[in-house]
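Shared between the two complexes below is subunit A, which has subunit B as its partner in the first and subunit C in the second.
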Partner chain A sequence: MTNDPRLLAALPIMLSAMWALLTLLRIPKGFLSLAPAIVSQSAAAYLLGAYVHSNGTIRIDLSAIGMPAGAMLRIDGLSVLLLSATTLIVSACAFYSLGYFHLHRLQQTRTLAREKHFWPLLAILWGALSLLWMSHDFLTTYVALEALGLSAAAMMVLSDRPAATTAGLRYLFYMLLGSLCFLLGTGICYGVYAEINLELLARSARPGGAHFIAMSLMSAGLMLKAAIFPLHSWLPDAHSNAWTPVSAVHAALVVKGSFFVFAKLWVALSPEMEAAAHFIGWAGSAAIVWGGLMAFRKQHIKQIVAYSTISQLGYLLLFVPLSMDAGERSAQLAWQGVWLLFFSHAFAKAALFLAVDNLVSTVGRTDLEGLSGVDCYLPLSILSFGIASVSIIGLPVSGGFTAKWLLLHSALLSGQWQWVLVLTIGTLLGAAYIFRVFKYTLASGLRTDCNFNMPVSKEIVALSLALAAVLLGMFPGWPLALLGTGLDTVAP
Partner chain B sequence: MNTIQVLMPLLVLFTSLLAAPIIFLLPDESRTARTIINLSAAIIKLVLVSGMFLGVYLGVDFEISFAVVGDLCFILRADALGLMFAGLSSLLWLFTTIYAVGYLEDSSNRSRFFGFFSICVASTLGIALAGNLFTFILFYELLTLSTYPLVVHRGTPEVLAAGNRYLQYTLTGGAVLLLGIVALHALAGDPAFGDRARLAALPETARPHLMVIFALLIAGLAVKSAMVPFHGWLPVAMVAPAPVSALLHAVAVVKAGAFGIIRVVHDVYGLDFAHFMGLLYPLTIAAAVTILYGSARALTQMSIKRRLAFSTVSQVSYIIIGVSLFHPMGVAAGLVHLIHQGLMKVTLFFCAGNYAQTLGIHGVDELDGTGRRMPLTSVSFTVASLGMIGVPPVAGFITKWYLGMGAAGAGTYWVILVIAISGMLNAAYYLPMLYRIWFKERRGDWPDETTFAPLETSAWLLYPTIATALFSCAAGLLAGLPFSPARWAAEIAIGEFLP
Partner chain C sequence: MELLPDVLLAALITSGGICILLGRNLRIATGLFVLWCVFMSLGWMRLQVFWLGVAEAFIGAILTGLTLRSALGLASSMKGPDADDVLHNPPSRWQHLVIPLAGALVFVGLAAASGFYCQRLFSLSVCAVYAVAGIALGGCGFFAMACRTNLLQRVLAFNLFGRGVFLLIIVFACQGSLPVDAPAFMAASGLLVLCLASSLVVTLLGRYHGRAQMQASEGGTPP
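Our next item is the complex of A and B:
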């Protein structure tokens, strides 16, 4: 069975579909339902990884099953890494959710009534993510993005807060707008090249007016979905009002899904678009600075974490100019740096959201002043918050640091000094808004009003995710070896 | 290499790194358990470092390295210079831990304090054993992170403001340093410490880049070593508890900066190459300015700890001026002052803490008559002060002697003048304190007295103070013995000039 790549590739998606069905029927419940899903998904990711490791990239022609010509799944080292990270983070957040709902049950909030919708939606989201990481043509990508966006939007409105509903609907609207732009762009692309497969497009792409318009439309749509400045306005409210596990998965993986497509597009279809590449770089820089400044001004800790996401997504865009008009070595460094940042941010941001929820649900307030003195009661959560934020800021030892090292190195090698400055300023801004939080938690203050029912699983999950971000900085060799070079990703 | 040689640097690092999470998780009340873990970790570390001293003396290598990404390596290695710093920090960690246990006995959040205390020492050890600039900056930034909670330990608004200032300076400095290190890496690959030929072998077109990178590296490091004009955080940070100030001033933060400058000058660029490029002279001037400025500012400070803080600004630049003189005696002076200033300054801060904790004394003008009330503390304070002024046989004298010889040997005679003026200024701000302690009569009650009969103060506070004072004397008196700091430093310095 493990010899048939078609089956292996279908496995993550089939497992998600099965789990969605089981959770809809609600047999079995809670941990008994979750554990088999986690185990089987991990096994599927492992089998795929082992196959790709020994046999190289898997390509599956989807036209055989009735899809149009050119539709295909492609599983390379990057896809394997993304699948593994997804398995780890979604599993961690799902496990965390058990404790999260348990706590709400103790507090008898109304959250409970909607818990039953959470699990099937999470399963669909998981499957959509798996499909997205494997897709390599416009059609499959579009399908995966839609499934992802719809399930994510549905999860956001689960929270019974009115603000969450508003933010969720707003997200849905922006997401559909983004899809529309993307679809228009792919339509123009198809009109010009009569091709939907990225591998084939990469070979025939040539600069021109229609090509430029198609790329602009697709990029704009994806940037809207990925909340890239200045198209980010939906994100802070959505992330600070949704249920915490939802925000965590969303910030760690869902917004990044659009970035994944964006990165592939730019590697495949960007001949002679230097000016546009620099424009993207400046948009990223603006995101870094704006997100950092807003995070520094906010009083509510979840909003700080949300704006930090906007700032961090800006870093990812820097790879576009860095890999554009530079030597091979600096392009390679930028490619490695950006994916290392992608993964460490995914782990660190999920950890940050989970740790923040632990703090907030203990003190019962979401503003910074409410956090004074909380570290005596939740040392583990504060520790997780601290470790994760080390990676977010980009201080050693962490994935964020090693990634920024690689990006700095790439910028220096290619002589693009402006990004050196941007990276430095971004790091200092990151330190400013993170340490502002610590200033409050370290302030002296004795608390008597805390809720001490914190399930230990919630603290352990946050800590493990934060530690994963740190380990990624110390031992990035294995993931980076799997990653290959940027051009591999689209090479036939 | 056998396993012990590979594991030794890791073991040294992990004794305190692993102590940290255990201490974090202990409840605040379990004082005995925490103290036992703290002290045994400190003692184990001291024993391990002594073992490495002996090993390096006998020519054994201790090294662990692995590639992090590409040609970028994580290297921990025990060399003679690194061991000096490692020895200093593990010795003073033991005393500071004992002292801190006594000092913070009834404050809150002790587990947090001692946890970060351990991480702080682990990062100092990491800095000492780092084998290249990449490894160095990992621990250098970890030090910033772990000292911040120590500085703001009391959590009052004043302290938090000081913490902000501390972070602004050190993180900006860290960013500049990182930029320099990455730029050097992009230009010359991964220069391990001691691989001095690598930069000199670069083509001449790279020279201007190397000068800019040197400036970036030194500017980044100068923030922590509190060189003018980057010293602003140090006098502000003295609002921290006394053991933290002692740690910051004597072992950890300022020393990390000074040690980094030594590494860059001595082990990355190499003295010959740096001299050839004309990079040393500006450093000498910057250090001279800092020495005079710090001493002059110390004169007018009326808080004991602030006066000591400005004295640190001045004294740490002795290390830098020594290394920047192109002469073996100068280098020896710089290296040995790394140890000597640590021993003397830690004693002074311990004494300041004793006065504050026992009698409630914080200002210079409250010191009258403390000599009779607290004779042992006052003797220690006197010994260390005289050492700072440069009176033989205390350790500080050795430094100034070497420094003078180095300046004369290198032909930069004006440095001798700077040292002489600074010595007079030192006398001018230390001697009045000694005069008040021994010769002025106390009028009225002490501001806030606690009695610890039959001792003058708590034993936890008193014995570490006496011990470090004795060490300051011993380092001066026994300077000629094989393992003395002076002898060790001289051998490193001569090795540099006579390959």
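Our next item is the complex of A and C:
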């Protein structure tokens, strides 16, 4: 059974569908429903990883099951890494939400009215993410992106607060606009090259007017969906108002799903577009600086975390100019650096959101001043916040540090000194806004108004996600070996 | 001369779309939308994508139509102060006119240029007729989506914008005489997504409506 790649590839998606059905019917509740899903998804990711490790990249032609010609799933080392990270982060957030809902039940808030919708939507989101990581043609990518965006938007409006509804609605409109732009771009590509498969497109791509228009439409749509500067305006409100597990999964994985497609497009379809690549690099630099500055100015702690996401997404864009007109070695370093940053940011950002929620739900306030003196009561959450911040800032030893090191190395090798400057400024700004939070939380003060019912599971989950980000920096060898070079991703 | 039915249909689609977007009366606009989806489905059939026509009739005319009609009672309460709540902040003239107009013009320019680059778009053919309809729908839909404050009107606008884009991607495949199954598949899933998104917005409208009613009843009763 484990020798049929088609079955293995279908496994994560079928498991998600089954879990969605079960949670919809609410047959087992709570942990009993969650545990089998986590175990089976981990097993599926492991089996896929083992198959790819021994047999190399899997390619599955979807036209055999009635899809149009060219539709293809492709599972390589990167997909396996992404699938494993998704399993880890979604399971952690799902486990955390058990404690989250329990706490709100104790406080008797009205948050719980829509808890029953949370689980099926999470299951659909998980399945859409798995499909997206495996997709390698425009059709499957589009379907996966839409399923992802819709389920994410529905999860954002679960919260009862008016601000959350408004922010979720805005997100929905921007998401639809972004995917329609992407769709128009793919339509033009199909009209010009008569292909939807990225591997075949990479061979026939040639510079020209239509190609340029298609690339700019697709890039703009994906940048809007990934909240990349200057198309980021929906993100801070959406992330600071949604339920915490939702914003954690969204910042760690959903936003990155669009970036994943963006990165693949730029590796596969960018012949002779140096000027555009540098433009993308400068947009990324602007995101780093703007996100850092805004995070430094905000008082609302969840908004600080949200703006930090915008800043970190900017680093991911730097790989576009770095892999464009440089030597093979520096392109490979940039490719490895950007994916390492992708993973470490996913773990660290999820941990940051979860730890922040622990602090906020204990003191009952969201502004920085309200948090003063909280370290005496929640040392574990402050510790997770600190460990995750080490990776966000990029201090040694952490995934963020190793990734930035690789990017720096790549910038030096290719002689593009401007990105060295950008990386330095970004790191300093990151340190500034993180240490500003610590200035408040570590201030001494005796509090009497705290809520001490914090379930231990909430703190443990945040800590383990933060530790995962650090471990990624200590042992980057295995993921980097799986990543390969950027050119492998599209090579036929 | 053999183009006459197509020209008529495309003109109907374009003008019908513009009427839907301009209409102040939501009851008429949603009714018109159902009728317009039937014309759209005829258009897909003229472009030789029969099953997409059937999907349009089912998803567009029936499902989306029903969803929108069910929201009519809720949407009337969206006029007035609640609209500001949805928009987050009251729009300035700048946001209201200039940005939507610029976006719509960019869309029209890009779509027309790509049609020009693709192949002989402006030679007279069935494709060219529908391409013009698609560009017009996309531009108007984008403009309305960006500048309308009423949520139901926005839903109508993004439905029209989406269908303009779907027309364009089918046309790009048709004029190169490529198999249309891949873009048709994308368009069909896009139709489904637009329908689901519309129903999500209608659900949220219900939530706003309930909140407004609660506030009204709280404010109305004497202390």
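Rule of thumb we're sticking to: the second predicted complex is superposed on the first by the 492 of 492 C-alpha atoms of A that agree within 3 Å, B and C clash if a C-alpha of one lies under 4 Å from a C-alpha of the other, contacts with A are read in each partner's own complex, and residues count from 1 in each chain.
The criterion applied here is as follows: a residue touches a chain if its C-beta (ideal position, glycine included) is under 8 Å from a C-beta of that chain, and two chains touch if they have at least 3 such contacts.
Please read these numbers as outputs of a predicted model, since none were measured by experiment.
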| item | value |
| --- | --- |
| Touching partner for A:Gly477 - first (subunit B), second (subunit C), both, neither | first |
| Which of subunit B and subunit C A:Gly70 touches, first, second, both or neither | second |
| First (subunit B), second (subunit C), both or neither touched by A:Phe435 | first |
| Which superposed partner A:Thr424 touches (first subunit B, second subunit C, both, neither) | first |
| Partner chain(s) touched by A:Ala214 [first = subunit B, second = subunit C, both, neither] | second |
| Subunit B versus subunit C as contact partner of A:Ser54, first or second or both or neither | neither |
| Shared contact residues on subunit A - subunit B and subunit C | none |
| Residue numbers on subunit A that touch subunit B, as the complex places them | 336, 372-373, 375-376, 379-380, 383, 386, 390, 395-397, 401-402, 405-406, 408-409, 412-413, 420, 424, 427-428, 431, 435, 438-439, 442-445, 474-477, 480 |
| Residues on subunit A engaged by subunit C in the complex (per definition of touch) | 67-71, 138-139, 142-143, 146, 150, 153-154, 157, 162, 165-166, 168-170, 172-173, 176-177, 179-180, 183-184, 186-188, 190-192, 194, 196, 208-210, 213-214, 216-217, 237 |
| Partner subunit A, residues of subunit B touching it in the complex | 24-25, 28, 67-69, 72, 74, 108-109, 111-112, 134, 137-139, 141-142, 144-145, 148-149, 152, 154-156, 160, 163-164, 167, 171-172, 174-175, 178-179, 182-183, 185-186 |
| Residues of subunit C touching subunit A in the complex | 85-86, 88, 110-111, 113-114, 117-119, 142, 145, 151, 154, 158, 161-162, 165-166, 168-170, 172-173, 175-176, 178-179, 181-183, 185-186, 189-190, 193-194, 196-197, 200-201, 204, 207-208, 211 |
